[in-house]
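Following this line, the structures themselves.
Note that chain A is present in both complexes that follow, paired respectively with chain B and with chain C.
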Partner chain A sequence: MKALLAILLTSMLVENFVLAKFLAICSFLGVSKKLDSAFGMSCAVIFVMLMATAATWPIYRFILDPRGLGYLQTIVFILVIAALVQFVEMFLKKYVPPLYSALGIYLPLITTNCAVLGVVVLNITKTYGFAESMVNSLGAGLGYMLAMVLFCGVRSKVDNADMPECFRGIPITLAAASIMSVSFMGFSGLVTGLFG
Partner chain B sequence: MNPVILAILVVASIGLVCGVILAAASKVMSVPVDERFGPVRECLPGANCGACGFAGCDAYAQALLDDPEVKPNRCVPGGAEAAKKIAAVLGVESGDVVPMMAHVRCNGTCDNTQKRFTFNGEQTCKAVRMFCGGNGTCAFGCLGCGDCASVCPQDAICIENGIAHVDPRRCIGCALCSKACPNHIIEMIPKSSKVTVDCSNKDKGPVAMKVCKASCIGCMKCQKNCPTGAITVKDFVASIDQSLCSGCGVCADGCPKHCITKH
Partner chain C sequence: MGKLKTLTAGIIRENPVLVLVLGTCPTLAVSTSVKNAIGMGIAATFVLIGSNLVISLLKNVIPDKVRIPCYIVVIAGFVTVVQLLLNAFVPSLYAALGIFLPLIVVNCIILGRAEAFANKNGVLDSALDGIGMGLGFTLALCIMATIREIIGYGAFFEKELIPEDFRISILGLAPGGFFVYGCIIAALNKISHGRAVKRKSFDCESCPSFAACGGQKGECAK
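Then we have the complex of A and B:
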């Protein structure tokens, strides 16, 4: 239990996917303008990450690994994740239309989202078991949500600030993201400190 | 088994399983689409210009179906014809469409005004304006780099003698140029407009006179002369309310700076 909690905190705070590993920057900058779409996108990412882990871990463990086909993991994972995202899109369109229209073009973007592929590949490289993999994915997804929601707040402040014209828009957004990334470096050592 | 064949088989079978699941899901989770969507969308020109106030032609078509308050006469490029067709599909009144066109409120040609410096950076109006508020002596006029021309879907705008010109025959009234102009000097007026003001300078008379030969100096003569009260001078520049203008041209004849034109 303690080990799982350590994994959760590590992937959520210390090795935050967006701010420490610099994955999923595209959607991080693209969708963080409005709080509700940032939240919706994060929920979709968490959902897809968990589903992707649940689908890819057994495929690796029971199909690829025993036959020595571990080198196929990237292509197989991409295939599975792409199909999954398509499925999620159809699911949302049918059952949660408001979320579907809020996410708009960003939902298909999760297909090629490096964070989703990153987390499933990382689960394999770190030789996690199934439960550990799921916890790691949940932590990564929660970390993404944390970064998105926090950054959404930062952005709304930045947008209202009086700014030299040449800094407006993307330049100041990137600067703010880098400062936030630096602040997340403060979490390093947290897990070793807590769980020794 | 040969490892190459095994690898191909594994990837192919995983792909097949995913494909079957998706195919099944698309059947189970299909969302019924309003069958009128296709015909309504057909009536729209597909320029995706946004003049109707929606994100694109698809969004406007969807809004027409969903919300009876949305009138079919909002498509400017499609004009009355599109409105009539949509009204026929939906079975509602079409309403009038006023064909609009873009008009550049500046006559600061190379003969009338001068440049303060040569700008060697990126040749867009936006970039020029960001650098010390533009390189013209007049801070309000056309920057002449053609940001408007580059967004125009109909190639209706060309840069002549340092300022933008709109070809009224080609202009579809989408207002993209008006949004692109960093100095906001492109106004949308009805195509039937007979008299226009060709200056946006908000400086006081003497200053305006110094920076450009064709500037409005806010002398109020046109406002006094206008028989229908269509002209108001605000911030030392005249503007015409096209809905009141009768097109008599008294203002244009009386303008000492010839910055009001009768077409």
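Then we have the complex of A and C:
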């Protein structure tokens, strides 16, 4: 239990996927303009991350690895994620329309979101077990959500600030992300401090 | 368009990282040292040339509806080739690039070029475009890595230049990546009076996932 909590906090705060590992920067910068969309996108990412982990971990462990096909993992994982996202979209559209109307528009964006492929590959390279993988993915997703929602608040202030003309738009957004990233560095000793 | 123009477009005029602001994740992540930047650049260039070639050859075979999954499979195939080659011949680089090597699959530059260029143009043009875009990506990575390695780690190509006490080590860490990238784009804006950087903000048309998401324009950011 303690080990799982340590993994959760590590992937959520210490090694935040967006601000420390530079994954899913595109969607982090693109969809963080409004709180609603930032939250919706994060929910969709968490959902797909958990589903993708639940699907890819057994595939690697029970099919690819025993047959010495580990080198196929990149191709297999991206295909599984793409198919999964399509399937989830169709399922939600048919059976859970309210959820579809909330998350549906974000789902096509997620196939090419590197955080999802990143987390399933990391679970394998770190040789996590199934429970650890799921917790790691949950932490990664929650960390993504935290970064998105916090950054959304920062951006609404930044866009209206007075700044040199050449910094307007993309440069100032990146500079603001840099400062957010500094604040997340403050978590660096957290897990070793708590769990020794 | 002349062949030479196709080749050089990606290097400066339509530089994927500095002008189109695509492929931000690997740019930020591997630009901590020039060696890694060049390694990543070459790996991505190889994948880009290969995928552009194959996709332009197959453009009449692939049904329009399933083109994105097909592109992804082609790209993933080339990425696997690069992974195996690097693991066998340059294991230190393989270890240094780590997770960002398999993530070339979802690099928006590669999928973006497949959709925007290889899908519509001939084999030779597509290959030239791949070379140009790959070199442009490598160039941008090298510029960022030079700044970050010299100021952040006081070294260039792992050769020590600046003594420990005079380094600004945060530029080598995660926040420095965002900051240096932002400053480079701001400098480009300043020099060219706002003309150089084509992507003005993170909106829908310039979104790297636009190819995958298609018709639902702007819905996600509303």
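As a convention for this text, the second predicted complex is superposed on the first by the 179 of 196 C-alpha atoms of A that agree within 3 Å, B and C clash if a C-alpha of one lies under 4 Å from a C-alpha of the other, contacts with A are read in each partner's own complex, and residues count from 1 in each chain.
Operating definition for what follows: contacts are C-beta pairs under 8 Å (C-beta built on N, C-alpha and C of every residue); 3 or more make two chains touch, one makes a residue touch a chain.
None of these values were measured; they are calculated from a predicted model.
Chemist: Name the contact category of A:K94: first (chain B only), second (chain C only), both, or neither.
Modeler: A:K94 sits against chain B, while chain C stays out of touch.
Chemist: Given the touch rule stated above, what does A:G153 touch, chain B (first), chain C (second), both, or neither?
Modeler: neither
Chemist: Who does A:L79 touch here: chain B (first), chain C (second), both, or neither?
Modeler: Once the two structures are laid over each other on A, A:L79 reaches both partners.
Chemist: Of the two partner chains, chain B (first) and chain C (second), which one does A:G186 touch, if any: first, second, both, or neither?
Modeler: It touches nothing on chain B or chain C.
Chemist: Of the two partner chains, chain B (first) and chain C (second), which one does A:I59 touch, if any: first, second, both, or neither?
Modeler: First partner only.
Chemist: When the two structures are laid over each other on chain A, which of chain B and chain C touches more residues of chain A?
Modeler: Counting contacted residues of chain A, the larger count belongs to C.
Chemist: What is the contact status of A:T125 with respect to chain B (first) and chain C (second): first, second, both, or neither?
Modeler: Touch partner of A:T125: chain C, not chain B.
Chemist: On chain A, what residues does chain B touch that chain C touches as well?
Modeler: 72, 75, 79, 82, 165-166
Chemist: Along chain B, where are the residues that touch chain A in the complex?
Modeler: So the residues of chain B in touch with chain A come to 3, 6-7, 10-11, 14-15, 18-19, 21-22, 25-26, 29-31, 130.
Chemist: Taking the complex as given, what residues does chain A use to touch chain B?
Modeler: Contact set of chain A toward chain B: 59, 63-64, 67-69, 72, 75-76, 79-80, 82-83, 86-87, 90-91, 93-95, 97, 165-166.
Chemist: Can you tell me which positions in chain C touch chain A when the two form their complex?
Modeler: 21, 24-26, 28-29, 68-69, 72-73, 76-77, 79-80, 83-84, 98-99, 102-103, 105-108, 111, 170, 173-179, 181-183, 185-187, 189-190, 194, 197, 199-203, 207-209, 211-214, 216, 219-222
Chemist: Chain C touches which residues of chain A in the complex?
Modeler: Per the touch definition, chain A meets chain C at residues 19-27, 29-31, 33-34, 37, 41, 71-75, 77-79, 82, 105-106, 108-109, 111-114, 117-118, 121-122, 125, 164-167, 169-175, 177-179, 181-182, 184-185.
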